[in-house]
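Structure in structure tokens, see below.
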Amino acid sequence: MTAPQGLTRELIALRVARELRPGMVVNLGIGMPTLVPSHLPPDHGLLFQSENGILGLGAVREGGDGYGEIDPDLLNAGGQPVRLALGASFFDSATSFAMIRGGHVHTAVLGGLQVAANGDLANWTVRQDGGGSIGGAMDLASGAQRVIVAMEHTTRDGGSRLLERCTYPLTAQACVDLVVTNLAVIAVEAGGFVLREVAPGVTAAQVQAATDAPLALAPDLREMAL
Amino acid sequence: MTAPQGLTRELIALRVARELRPGMVVNLGIGMPTLVPSHLPPDHGLLFQSENGILGLGAVREGGDGYGEIDPDLLNAGGQPVRLALGASFFDSATSFAMIRGGHVHTAVLGGLQVAANGDLANWTVRQDGGGSIGGAMDLASGAQRVIVAMEHTTRDGGSRLLERCTYPLTAQACVDLVVTNLAVIAVEAGGFVLREVAPGVTAAQVQAATDAPLALAPDLREMAL
Amino acid sequence: MTATIYDTPDDALDGITDGVRVMFGGFSGAGAPTNLIRALRRRGTRGITGIANNIGYGDFLVELCEDGQLAGMICTFATRASVALRSRFDEQLARGEVTLELTPQGTFAERIRAGGGGLGGVLTRSGLGTPVAEGKTTIEVDGETYLLERPLRADVAMIRAQRADRLGNLEYRGAARNFNPVMATAADLVIVEVDEIVEVGAIDPERVGTPAVFVDRIMQCPRIPVPFR
Amino acid sequence: MTATIYDTPDDALDGITDGVRVMFGGFSGAGAPTNLIRALRRRGTRGITGIANNIGYGDFLVELCEDGQLAGMICTFATRASVALRSRFDEQLARGEVTLELTPQGTFAERIRAGGGGLGGVLTRSGLGTPVAEGKTTIEVDGETYLLERPLRADVAMIRAQRADRLGNLEYRGAARNFNPVMATAADLVIVEVDEIVEVGAIDPERVGTPAVFVDRIMQCPRIPVPFR
């Protein structure tokens, strides 16, 4: 059985954006999470933290956007030139990660390769030669108060990215609170995965079929409102 | 036998001042060490560190010295209002003690109650009820590259403050490099105390008599030049 | 995340109950939240465990001893050698009415930083072989022995800064930083008294000493002069 | 203590020998000592162990791989998933010509801070249960398990700041702080490239990001533009 297509990457980002409330401090990982800001209202009231030392990150700047020179000292963690929000501040990396590890970042939105039913996250690869890139993901995954993973539900060859146990090397243990995929919104609770919402036109049975771990059905299971 | 009087407190401070060279970063403890700056030339080229978060501490200010209001945000570690030297900087306590513990303060001049032949220092008291004051002394004693202790050679009742082993609770183990007292300048080396200089009019035998541990005589043992 | 602005130090203590564990910023007089300490005195909160650099003769914190509000202290500097400079805290300590945990100043700063930054402790040489090390674990790393010191956290941190913007960003001045920036990270509720509250954007992002994420309550209040020593 | 001023990045590397262990500041492009890296390339120093946040496609550090000057790296971000973005470092790693120790970014910052601040290590939850924890000690504190991560130090730190005064005080700007302030504390020799060297007193004491005590050599040099990603 082939899994249904479900949401586009942009719609996954939109659904993640709905999880964010004014007053929250949010760190967005590289990849799909960077699409989230374009789905927020202008008065979102969030403070974005960038682990390279900015609280109050603004929008990513495109070159030659008519707003003056790009500032080489004002980059986000992905190396892109950015703007600052009003009330922003700068700090060094030791302070930035004290902020992250100490639970002062409310929500981290991370990409994922695999999420396990106990909340384990795998979102980096270790190559045979030892190569890899961790960046700030391990600190964010284990330090943020709430971890939302935004990812495709299945791999290109149809294997589930939601499993009983991760088969890839972990980023952090038992850290994930919510998974938003192209098919569903799934909470990770003490007992395992709980299916909260299905994408429009997708059934709970289809989500279960695309998931290699049991899904409990939330009492208020519903279709996503997008 | 009564020990000779030897140097005044001011002359002890003067002798300590001779140990300081342009370019050194120096922290002065409370008590006798605070007398050191008045014995330095105006172009001393030192940077004074104050553990409450100042590098480039200037002179202590007396109230109503005609140089404007005293600044309540500009105190030394003893709580006295101070001036700033040119090129000063401020930092928080975590940074200040990273500087101290990491060996970035060259010389700490501390007061002492007892110094042992192995370099152990006791310069605080613990009361029966648990009361006491440590302040920055333990970090300074174990963190500075060079620790100079400025103290009276003997207690009021004639007991030696230089001993085989300290009988008071320690401030830090094996930390003292040099002791300057009213009677002598004594280095602490691997083998124990080495008498380097005697105060004017004081003999090596008198210093030994006032010291409860063996003194080796430095090959170039001499009278202090004050 | 956005800080709440309170009109008076007394209002700013809303909800604080007996048995609270409070960090107080400041080093001798500089950067001490004197208005908040006085408000805590007026409030009559009891069973307070204080975490502060110093408590002793001339310190505002001693006022909390007047009616026995203080249960104990974790600090670096608690008593003076001179009997003439004994404080009410000294007297209560001698009578066993308050507890005292003494910690070296650098260890104190680092324990608070660990508490605020999600670290499990501090490995330091400071205090090795002294009474401070008694009953504590030592750990060997690369042939060196270190003392394991545990993180410090509190229910409430009361700190002082020069300016706050309405979001809660803090700007410090001079030696009034000291323990305030680390304490702002290590308590469940962070209450700040400042000389001035300004609009968001008025503090240069380069000069923010404590980012707004750490601050819960701000209150503008003229500083109470602290006597110099 | 007073910093020595050098005229060129090449002069500023005087005395650096093969087998050196070097920290390089910067996070992606911001705050990277690009002039000093190019000078190290020209110098031909070999057997370098680099300690830096990132080495990969587009990073100046990869230039040290051109003639095999780099022996290995300790970093947080070394390879990209996309084959199109493979770097010379990637290739040499695959061939076993260079070594790599990967560490989480927060752990990386804190290990350097520990190395510079006389602490015996870092107790963190980051990396527990992952390949990063393999072969490392875990320590339990108050019922929580932490990974013991060892301090990092280097022979030389090469960093970048916006301005230095002639004493060596550094002022940073924006996100170009990152690892520069901690690295300045953790090496035997600290070499800094800046946009501008100013007279002592020209940097506000409130804006000094790295106090002069940490800085050995300064050199004024226009920044080399770093391509954005």
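Read from first to last, the chains carry the letters A, B, C and D; within each, the first residue is number 1.
Here is the rule we use: a residue touches a chain if its C-beta (ideal position, glycine included) is under 8 Å from a C-beta of that chain, and two chains touch if they have at least 3 such contacts.
For clarity, every value in this text was computed on a predicted model and none was experimentally measured.
Fewest steps needed to get from subunit A to subunit D, stepping only to touching chains, is 1. Between the interfaces B-D and B-C, more contacting C-beta pairs are found at B-C. Here the CA centre of subunit C is 33 Å from the CA centre of subunit D. Our note on geometry: subunit B versus subunit D, Cα centroid distance of 36 Å, whole angstroms.
Chain geometry summary: the mean Cα position of subunit B and that of subunit C are 28 Å apart. The distance from the centre of subunit A to the centre of subunit B, with each centre set as the mean of the Cα atoms, comes to 55 Å. Of all residues in subunit B, those touching 2 or more other chains are 90-91, 97-98, 100-101, 143, listed in ascending order. Touching two or more other chains at once are residues 110, 113, 118-119, 124-125, 173-174, 205-206 of subunit D.
Chains that are in contact with each other form these pairs: A-C, A-D, B-C, B-D, C-D. Residue ranges on subunit D touching subunit A, taken from their complex, read 27-31, 53, 56, 58, 76-81, 90, 93-94, 96, 100, 102-110, 112-113, 124-132, 162, 172-182, 209, 223, 225-226, 228-229.
Within the complex formed with subunit A, the subunit C residues making contact are 1-2, 113, 116-119, 165, 167, 169, 185-186, 200-201, 205-206, 208, 211-214. Within the complex formed with subunit C, the residues of subunit B that make contact are 50-54, 63, 70-81, 90-94, 96-98, 100-101, 120, 125-127, 129-139, 142-143, 169-173.
Considering their complex, residues 110, 114, 118-125, 139, 141-142, 144, 146, 148, 150-151, 173-174, 205-207 of subunit C touch subunit D. Touching subunit C in their complex are the following residues of subunit A: 23-25, 45, 47, 49, 55-56, 84, 86-91, 97-106, 143.
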